[in-house]
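Structure below; questions to follow.
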Amino acid sequence: MPYVNIQVTREGVTREQKAELIAGVTALLVRVLHKNPATTHVVIDEIDLDNWGVGGLPVAEFRKRQP
Amino acid sequence: MPYVNIQVTREGVTREQKAELIAGVTALLVRVLHKNPATTHVVIDEIDLDNWGVGGLPVAEFRKRQP
Amino acid sequence: MPYVNIQVTREGVTREQKAELIAGVTALLVRVLHKNPATTHVVIDEIDLDNWGVGGLPVAEFRKRQP
Amino acid sequence: MPYVNIQVTREGVTREQKAELIAGVTALLVRVLHKNPATTHVVIDEIDLDNWGVGGLPVAEFRKRQP
Amino acid sequence: MPYVNIQVTREGVTREQKAELIAGVTALLVRVLHKNPATTHVVIDEIDLDNWGVGGLPVAEFRKRQP
Amino acid sequence: MPYVNIQVTREGVTREQKAELIAGVTALLVRVLHKNPATTHVVIDEIDLDNWGVGGLPVAEFRKRQP
(Lines give C-alpha, C1' and ligand atoms only; values in the text may rest on other atoms or scores of the structure.)
Protein backbone atom coordinates (compact mmCIF):
# COMPACT_ATOMS: atom_id res chain seq x y z
CA MET A 1 0.00 0.00 0.00
CA PRO A 2 2.54 2.57 -0.85
CA TYR A 3 1.88 6.27 -1.04
CA VAL A 4 4.46 8.41 -2.83
CA ASN A 5 4.58 12.20 -2.80
CA ILE A 6 6.80 13.83 -5.43
CA GLN A 7 7.53 17.54 -4.98
CA VAL A 8 9.10 19.41 -7.88
CA THR A 9 9.36 23.04 -8.83
CA ARG A 10 6.52 24.27 -11.05
CA GLU A 11 8.33 24.70 -14.35
CA GLY A 12 6.13 23.41 -17.12
CA VAL A 13 5.95 19.74 -16.24
CA THR A 14 3.74 18.25 -18.98
CA ARG A 15 0.89 15.81 -18.58
CA GLU A 16 3.02 13.21 -20.36
CA GLN A 17 5.91 13.69 -17.97
CA LYS A 18 3.56 13.35 -15.01
CA ALA A 19 2.21 10.11 -16.45
CA GLU A 20 5.78 8.87 -16.87
CA LEU A 21 6.60 9.68 -13.25
CA ILE A 22 3.47 7.88 -12.05
CA ALA A 23 4.19 4.81 -14.20
CA GLY A 24 7.88 4.78 -13.29
CA VAL A 25 7.47 5.07 -9.52
CA THR A 26 4.73 2.45 -9.49
CA ALA A 27 6.82 0.02 -11.56
CA LEU A 28 9.75 0.57 -9.18
CA LEU A 29 7.65 -0.31 -6.13
CA VAL A 30 6.28 -3.39 -7.86
CA ARG A 31 9.77 -4.52 -8.86
CA VAL A 32 11.63 -3.81 -5.61
CA LEU A 33 8.95 -4.46 -2.98
CA HIS A 34 6.39 -6.54 -4.92
CA LYS A 35 3.67 -4.01 -4.12
CA ASN A 36 0.25 -4.19 -5.69
CA PRO A 37 -0.07 -1.36 -8.24
CA ALA A 38 -3.82 -1.11 -7.58
CA THR A 39 -3.13 0.16 -4.07
CA THR A 40 -0.11 2.30 -4.99
CA HIS A 41 -0.87 6.02 -5.02
CA VAL A 42 1.39 8.75 -6.38
CA VAL A 43 0.74 12.45 -5.76
CA ILE A 44 2.77 15.12 -7.56
CA ASP A 45 3.03 18.57 -5.98
CA GLU A 46 4.28 21.40 -8.18
CA ILE A 47 5.82 24.15 -6.06
CA ASP A 48 6.17 27.76 -7.23
CA LEU A 49 9.80 28.83 -7.55
CA ASP A 50 9.34 31.54 -4.89
CA ASN A 51 8.16 28.88 -2.45
CA TRP A 52 11.17 26.55 -2.71
CA GLY A 53 14.41 27.38 -1.01
CA VAL A 54 17.80 25.74 -1.01
CA GLY A 55 21.10 27.03 0.38
CA GLY A 56 19.08 29.64 2.28
CA LEU A 57 17.85 31.25 -0.95
CA PRO A 58 14.79 30.98 -3.18
CA VAL A 59 15.56 28.54 -5.99
CA ALA A 60 15.84 31.19 -8.74
CA GLU A 61 18.37 33.15 -6.68
CA PHE A 62 20.25 29.98 -5.74
CA ARG A 63 20.62 28.95 -9.38
CA LYS A 64 21.99 32.34 -10.43
CA ARG A 65 24.81 31.97 -7.94
CA GLN A 66 25.85 28.49 -9.04
CA PRO A 67 29.10 28.46 -11.00
CA MET B 1 -2.46 18.55 19.28
CA PRO B 2 -3.44 16.66 16.22
CA TYR B 3 -2.67 17.76 12.68
CA VAL B 4 -4.63 16.11 9.89
CA ASN B 5 -3.87 16.43 6.18
CA ILE B 6 -6.61 15.33 3.79
CA GLN B 7 -5.63 14.91 0.14
CA VAL B 8 -8.40 14.55 -2.42
CA THR B 9 -8.64 15.01 -6.15
CA ARG B 10 -9.68 18.52 -7.22
CA GLU B 11 -13.18 17.85 -8.47
CA GLY B 12 -15.43 20.64 -7.29
CA VAL B 13 -15.31 20.11 -3.55
CA THR B 14 -17.56 22.84 -2.17
CA ARG B 15 -16.92 25.15 0.76
CA GLU B 16 -19.70 23.37 2.64
CA GLN B 17 -18.15 19.96 2.06
CA LYS B 18 -14.79 21.25 3.27
CA ALA B 19 -16.44 22.60 6.43
CA GLU B 20 -18.08 19.19 6.94
CA LEU B 21 -14.74 17.41 6.60
CA ILE B 22 -13.11 19.80 9.08
CA ALA B 23 -15.96 19.42 11.58
CA GLY B 24 -16.13 15.65 11.14
CA VAL B 25 -12.43 14.92 11.53
CA THR B 26 -12.17 17.19 14.55
CA ALA B 27 -15.19 15.57 16.22
CA LEU B 28 -13.65 12.14 15.57
CA LEU B 29 -10.39 13.10 17.27
CA VAL B 30 -12.28 14.56 20.22
CA ARG B 31 -14.39 11.44 20.56
CA VAL B 32 -11.72 8.76 20.07
CA LEU B 33 -8.64 10.42 21.60
CA HIS B 34 -10.18 13.19 23.73
CA LYS B 35 -8.15 15.80 21.87
CA ASN B 36 -8.72 19.51 22.39
CA PRO B 37 -10.45 20.91 19.28
CA ALA B 38 -8.74 24.28 19.78
CA THR B 39 -5.37 22.70 19.00
CA THR B 40 -6.63 20.38 16.26
CA HIS B 41 -5.69 21.54 12.77
CA VAL B 42 -7.04 20.13 9.51
CA VAL B 43 -5.52 20.98 6.12
CA ILE B 44 -7.23 19.93 2.88
CA ASP B 45 -5.11 19.60 -0.26
CA GLU B 46 -6.94 19.41 -3.58
CA ILE B 47 -4.82 17.63 -6.17
CA ASP B 48 -5.27 18.08 -9.94
CA LEU B 49 -6.37 14.87 -11.65
CA ASP B 50 -3.18 14.81 -13.77
CA ASN B 51 -1.10 14.88 -10.60
CA TRP B 52 -2.66 11.84 -8.88
CA GLY B 53 -1.79 8.36 -9.98
CA VAL B 54 -3.07 4.95 -8.98
CA GLY B 55 -2.41 1.58 -10.57
CA GLY B 56 0.46 3.19 -12.45
CA LEU B 57 -1.89 5.56 -14.32
CA PRO B 58 -3.19 9.10 -13.89
CA VAL B 59 -6.56 8.92 -12.11
CA ALA B 60 -8.66 9.81 -15.16
CA GLU B 61 -7.01 7.04 -17.17
CA PHE B 62 -7.30 4.58 -14.27
CA ARG B 63 -11.03 5.23 -13.92
CA LYS B 64 -11.71 4.64 -17.62
CA ARG B 65 -10.23 1.19 -17.35
CA GLN B 66 -12.26 0.13 -14.33
CA PRO B 67 -15.00 -2.36 -15.16
CA MET C 1 -8.79 8.43 -4.01
CA PRO C 2 -8.23 10.21 -0.79
CA TYR C 3 -5.12 9.97 1.31
CA VAL C 4 -5.35 11.13 4.91
CA ASN C 5 -2.42 11.63 7.25
CA ILE C 6 -3.22 11.95 10.95
CA GLN C 7 -0.44 13.18 13.22
CA VAL C 8 -0.91 12.84 16.97
CA THR C 9 1.42 12.84 19.93
CA ARG C 10 2.67 9.37 20.93
CA GLU C 11 0.77 8.84 24.17
CA GLY C 12 -0.46 5.29 24.26
CA VAL C 13 -2.91 5.32 21.37
CA THR C 14 -4.29 1.78 21.32
CA ARG C 15 -4.79 -0.50 18.35
CA GLU C 16 -8.55 -0.18 18.87
CA GLN C 17 -8.39 3.62 18.81
CA LYS C 18 -6.35 3.52 15.61
CA ALA C 19 -8.92 1.24 14.01
CA GLU C 20 -11.66 3.68 15.10
CA LEU C 21 -9.80 6.61 13.54
CA ILE C 22 -9.33 4.69 10.29
CA ALA C 23 -12.98 3.63 10.17
CA GLY C 24 -14.24 7.08 11.13
CA VAL C 25 -12.20 9.08 8.64
CA THR C 26 -13.03 6.68 5.83
CA ALA C 27 -16.76 6.82 6.64
CA LEU C 28 -16.58 10.62 6.66
CA LEU C 29 -15.03 10.73 3.18
CA VAL C 30 -17.61 8.28 1.87
CA ARG C 31 -20.46 10.30 3.37
CA VAL C 32 -19.31 13.83 2.44
CA LEU C 33 -17.51 13.25 -0.86
CA HIS C 34 -18.85 9.84 -1.94
CA LYS C 35 -15.33 8.45 -2.11
CA ASN C 36 -14.66 4.77 -2.66
CA PRO C 37 -13.40 3.26 0.62
CA ALA C 38 -11.28 0.74 -1.30
CA THR C 39 -9.04 3.55 -2.55
CA THR C 40 -9.09 5.59 0.65
CA HIS C 41 -5.84 5.36 2.61
CA VAL C 42 -5.28 6.59 6.15
CA VAL C 43 -1.81 6.85 7.71
CA ILE C 44 -1.37 7.62 11.41
CA ASP C 45 1.91 9.14 12.57
CA GLU C 46 2.64 9.08 16.29
CA ILE C 47 5.05 11.86 17.23
CA ASP C 48 7.22 11.79 20.36
CA LEU C 49 6.34 14.57 22.81
CA ASP C 50 9.82 16.12 22.49
CA ASN C 51 9.32 16.39 18.73
CA TRP C 52 6.05 18.36 18.78
CA GLY C 53 6.02 22.03 19.56
CA VAL C 54 3.24 24.55 20.04
CA GLY C 55 3.41 28.09 21.33
CA GLY C 56 7.17 27.94 20.79
CA LEU C 57 7.59 25.16 23.37
CA PRO C 58 7.75 21.38 23.36
CA VAL C 59 4.26 20.03 24.09
CA ALA C 60 5.04 18.84 27.64
CA GLU C 61 6.37 22.29 28.56
CA PHE C 62 3.44 24.01 26.82
CA ARG C 63 0.90 21.97 28.78
CA LYS C 64 2.51 22.77 32.14
CA ARG C 65 2.06 26.47 31.49
CA GLN C 66 -1.59 26.26 30.54
CA PRO C 67 -3.90 27.63 33.22
CA MET D 1 20.10 17.08 4.78
CA PRO D 2 17.12 18.73 6.29
CA TYR D 3 13.82 19.22 4.51
CA VAL D 4 11.40 21.73 5.99
CA ASN D 5 7.78 22.17 4.95
CA ILE D 6 6.07 25.36 6.11
CA GLN D 7 2.30 25.49 5.75
CA VAL D 8 0.59 28.85 6.18
CA THR D 9 -2.76 30.25 5.17
CA ARG D 10 -2.75 31.98 1.77
CA GLU D 11 -3.10 35.61 2.81
CA GLY D 12 -0.80 37.70 0.68
CA VAL D 13 2.58 36.37 1.78
CA THR D 14 5.06 38.40 -0.28
CA ARG D 15 8.10 37.16 -2.16
CA GLU D 16 10.27 39.03 0.34
CA GLN D 17 8.59 37.34 3.30
CA LYS D 18 9.07 33.95 1.67
CA ALA D 19 12.77 34.69 1.15
CA GLU D 20 13.01 35.70 4.83
CA LEU D 21 11.39 32.43 5.93
CA ILE D 22 13.76 30.42 3.74
CA ALA D 23 16.82 32.30 4.99
CA GLY D 24 15.69 32.16 8.62
CA VAL D 25 14.87 28.46 8.75
CA THR D 26 18.11 27.56 6.99
CA ALA D 27 20.17 29.71 9.36
CA LEU D 28 18.42 28.06 12.31
CA LEU D 29 19.32 24.56 11.11
CA VAL D 30 22.91 25.61 10.48
CA ARG D 31 23.18 27.18 13.94
CA VAL D 32 21.43 24.48 16.00
CA LEU D 33 22.34 21.30 14.11
CA HIS D 34 25.35 22.41 12.03
CA LYS D 35 23.58 21.36 8.85
CA ASN D 36 24.99 22.19 5.42
CA PRO D 37 22.82 24.92 3.86
CA ALA D 38 23.51 23.54 0.36
CA THR D 39 21.52 20.41 1.20
CA THR D 40 18.82 22.18 3.21
CA HIS D 41 15.52 22.48 1.37
CA VAL D 42 12.54 24.58 2.44
CA VAL D 43 9.12 24.27 0.80
CA ILE D 44 6.34 26.76 1.59
CA ASP D 45 2.73 25.67 1.05
CA GLU D 46 0.09 28.39 1.01
CA ILE D 47 -3.31 26.97 1.95
CA ASP D 48 -6.62 28.59 1.00
CA LEU D 49 -8.59 29.78 4.02
CA ASP D 50 -11.46 27.41 3.19
CA ASN D 51 -9.05 24.49 3.29
CA TRP D 52 -7.63 25.09 6.78
CA GLY D 53 -9.61 24.19 9.85
CA VAL D 54 -9.01 24.70 13.54
CA GLY D 55 -11.38 24.18 16.45
CA GLY D 56 -13.62 22.22 14.08
CA LEU D 57 -14.24 25.28 11.90
CA PRO D 58 -12.76 26.79 8.74
CA VAL D 59 -10.18 29.41 9.78
CA ALA D 60 -12.29 32.43 8.78
CA GLU D 61 -15.19 31.18 10.89
CA PHE D 62 -12.88 30.27 13.77
CA ARG D 63 -11.38 33.76 13.84
CA LYS D 64 -14.79 35.46 13.94
CA ARG D 65 -15.65 33.58 17.12
CA GLN D 66 -12.44 34.46 18.95
CA PRO D 67 -13.00 37.04 21.71
CA MET E 1 15.22 20.20 -6.65
CA PRO E 2 12.86 17.36 -6.14
CA TYR E 3 11.88 15.92 -2.80
CA VAL E 4 10.23 12.51 -2.79
CA ASN E 5 8.53 10.89 0.19
CA ILE E 6 7.83 7.16 -0.07
CA GLN E 7 5.49 5.68 2.53
CA VAL E 8 5.31 1.91 2.81
CA THR E 9 4.15 -0.50 5.47
CA ARG E 10 6.91 -1.63 7.84
CA GLU E 11 7.38 -5.21 6.76
CA GLY E 12 11.07 -5.98 6.69
CA VAL E 13 12.22 -3.65 3.92
CA THR E 14 15.97 -4.31 3.69
CA ARG E 15 18.77 -1.79 3.44
CA GLU E 16 19.42 -3.02 -0.11
CA GLN E 17 15.80 -2.50 -1.12
CA LYS E 18 15.87 1.02 0.31
CA ALA E 19 19.01 1.79 -1.67
CA GLU E 20 17.28 0.45 -4.80
CA LEU E 21 14.26 2.70 -4.20
CA ILE E 22 16.51 5.73 -3.69
CA ALA E 23 18.54 4.98 -6.82
CA GLY E 24 15.46 4.19 -8.90
CA VAL E 25 13.42 7.25 -7.99
CA THR E 26 16.41 9.53 -8.50
CA ALA E 27 17.18 8.01 -11.91
CA LEU E 28 13.53 8.47 -12.89
CA LEU E 29 13.58 12.17 -12.03
CA VAL E 30 16.83 12.64 -13.92
CA ARG E 31 15.47 10.83 -16.98
CA VAL E 32 11.97 12.37 -17.12
CA LEU E 33 12.57 15.89 -15.78
CA HIS E 34 16.36 16.27 -16.18
CA LYS E 35 16.74 17.01 -12.48
CA ASN E 36 20.13 17.25 -10.82
CA PRO E 37 20.63 14.14 -8.65
CA ALA E 38 22.75 16.15 -6.18
CA THR E 39 19.69 18.16 -5.16
CA THR E 40 17.23 15.24 -5.29
CA HIS E 41 16.22 13.99 -1.87
CA VAL E 42 14.29 10.80 -1.14
CA VAL E 43 12.82 10.03 2.29
CA ILE E 44 11.34 6.60 3.05
CA ASP E 45 8.79 6.32 5.87
CA GLU E 46 7.99 2.84 7.16
CA ILE E 47 4.54 2.75 8.74
CA ASP E 48 3.46 0.15 11.30
CA LEU E 49 0.66 -2.09 10.04
CA ASP E 50 -1.71 -0.88 12.77
CA ASN E 51 -1.19 2.70 11.60
CA TRP E 52 -2.15 2.20 7.93
CA GLY E 53 -5.75 1.86 6.92
CA VAL E 54 -7.42 1.11 3.63
CA GLY E 55 -11.04 0.30 2.92
CA GLY E 56 -11.87 1.60 6.41
CA LEU E 57 -9.79 -1.15 8.06
CA PRO E 58 -6.26 -1.54 9.37
CA VAL E 59 -4.14 -3.13 6.62
CA ALA E 60 -3.84 -6.56 8.28
CA GLU E 61 -7.63 -6.77 8.63
CA PHE E 62 -8.15 -5.49 5.09
CA ARG E 63 -5.86 -8.14 3.63
CA LYS E 64 -7.63 -11.00 5.44
CA ARG E 65 -10.90 -10.04 3.80
CA GLN E 66 -9.52 -9.89 0.27
CA PRO E 67 -10.67 -12.83 -1.87
CA MET F 1 -2.07 29.00 11.90
CA PRO F 2 1.17 27.69 10.62
CA TYR F 3 2.24 24.08 10.67
CA VAL F 4 5.92 23.34 10.16
CA ASN F 5 7.40 19.91 9.55
CA ILE F 6 11.17 19.59 9.99
CA GLN F 7 12.78 16.41 8.67
CA VAL F 8 16.35 15.67 9.69
CA THR F 9 18.49 12.57 9.77
CA ARG F 10 18.37 10.69 13.09
CA GLU F 11 21.82 11.43 14.44
CA GLY F 12 21.53 12.15 18.12
CA VAL F 13 19.50 15.35 18.06
CA THR F 14 19.11 16.26 21.73
CA ARG F 15 15.98 17.38 23.54
CA GLU F 16 17.59 20.81 23.95
CA GLN F 17 18.27 21.11 20.23
CA LYS F 18 14.68 20.13 19.45
CA ALA F 19 13.43 22.80 21.86
CA GLU F 20 15.70 25.34 20.14
CA LEU F 21 14.33 24.40 16.71
CA ILE F 22 10.74 24.72 17.98
CA ALA F 23 11.43 28.09 19.61
CA GLY F 24 13.38 29.39 16.62
CA VAL F 25 10.89 28.44 13.92
CA THR F 26 8.00 29.82 15.97
CA ALA F 27 9.81 33.11 16.59
CA LEU F 28 10.57 33.37 12.85
CA LEU F 29 6.89 32.97 11.93
CA VAL F 30 5.88 35.52 14.54
CA ARG F 31 8.47 38.00 13.30
CA VAL F 32 8.02 37.60 9.54
CA LEU F 33 4.30 36.84 9.26
CA HIS F 34 2.96 38.05 12.63
CA LYS F 35 1.54 34.61 13.34
CA ASN F 36 0.08 33.71 16.73
CA PRO F 37 2.50 31.35 18.49
CA ALA F 38 -0.40 29.62 20.27
CA THR F 39 -1.63 28.24 16.94
CA THR F 40 1.82 27.53 15.50
CA HIS F 41 2.71 23.84 15.49
CA VAL F 42 6.13 22.37 14.76
CA VAL F 43 6.68 18.65 14.18
CA ILE F 44 10.19 17.21 13.95
CA ASP F 45 10.68 13.91 12.09
CA GLU F 46 13.96 12.09 12.62
CA ILE F 47 14.75 9.84 9.67
CA ASP F 48 17.06 6.83 9.86
CA LEU F 49 20.17 7.25 7.71
CA ASP F 50 19.22 4.22 5.56
CA ASN F 51 15.90 5.89 4.78
CA TRP F 52 17.26 9.19 3.44
CA GLY F 53 18.76 9.40 -0.01
CA VAL F 54 20.50 12.17 -1.89
CA GLY F 55 22.39 12.03 -5.17
CA GLY F 56 20.80 8.62 -5.76
CA LEU F 57 22.53 7.13 -2.71
CA PRO F 58 21.70 6.53 0.95
CA VAL F 59 23.08 9.45 2.97
CA ALA F 60 25.96 7.50 4.56
CA GLU F 61 27.15 6.36 1.13
CA PHE F 62 26.69 9.85 -0.33
CA ARG F 63 28.82 11.42 2.40
CA LYS F 64 31.69 8.97 1.90
CA ARG F 65 31.97 10.03 -1.72
CA GLN F 66 32.04 13.76 -1.02
CA PRO F 67 35.49 15.27 -1.56
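Chains: A, B, C, D, E and F, in written order; residue numbering restarts at 1 for each.
As a convention for this text, contacts are C-beta pairs under 8 Å (C-beta built on N, C-alpha and C of every residue); 3 or more make two chains touch, one makes a residue touch a chain.
This is a predicted model, so every value here is computed, not measured.
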| item | value |
| --- | --- |
| Chains in simultaneous contact with chain C and chain F | B, E |
| B-C compared against A-D, more contacting pairs | B-C |
| Distance from chain F to chain A - Cα centre to Cα centre, in angstrom | 20 |
| Separation of mean Cα positions, chain C and chain A [Å, integer] | 25 |
| Set of chain A residues in contact with two or more other chains | 1, 3, 7, 21, 25, 39, 41, 43, 52, 54 |
| All pairs of touching chains, each written as two labels joined by a dash | A-B, A-C, A-D, A-E, B-C, B-D, B-F, C-E, C-F, D-E, D-F, E-F |
| Complex interface listing, chain D residues touching chain F | 1-9, 13, 17, 20-21, 24-25, 28-29, 31-33, 35, 39, 52, 54, 59 |
| List of chain C residues in touch with chain E within their complex | 15, 18-19, 21-23, 25-27, 37-46 |
| Contact set on chain D toward chain E in their complex | 1, 3, 39, 41, 43 |
| For the chain D and chain B complex, residues of the former touching the latter | 7, 47, 50-58, 61 |
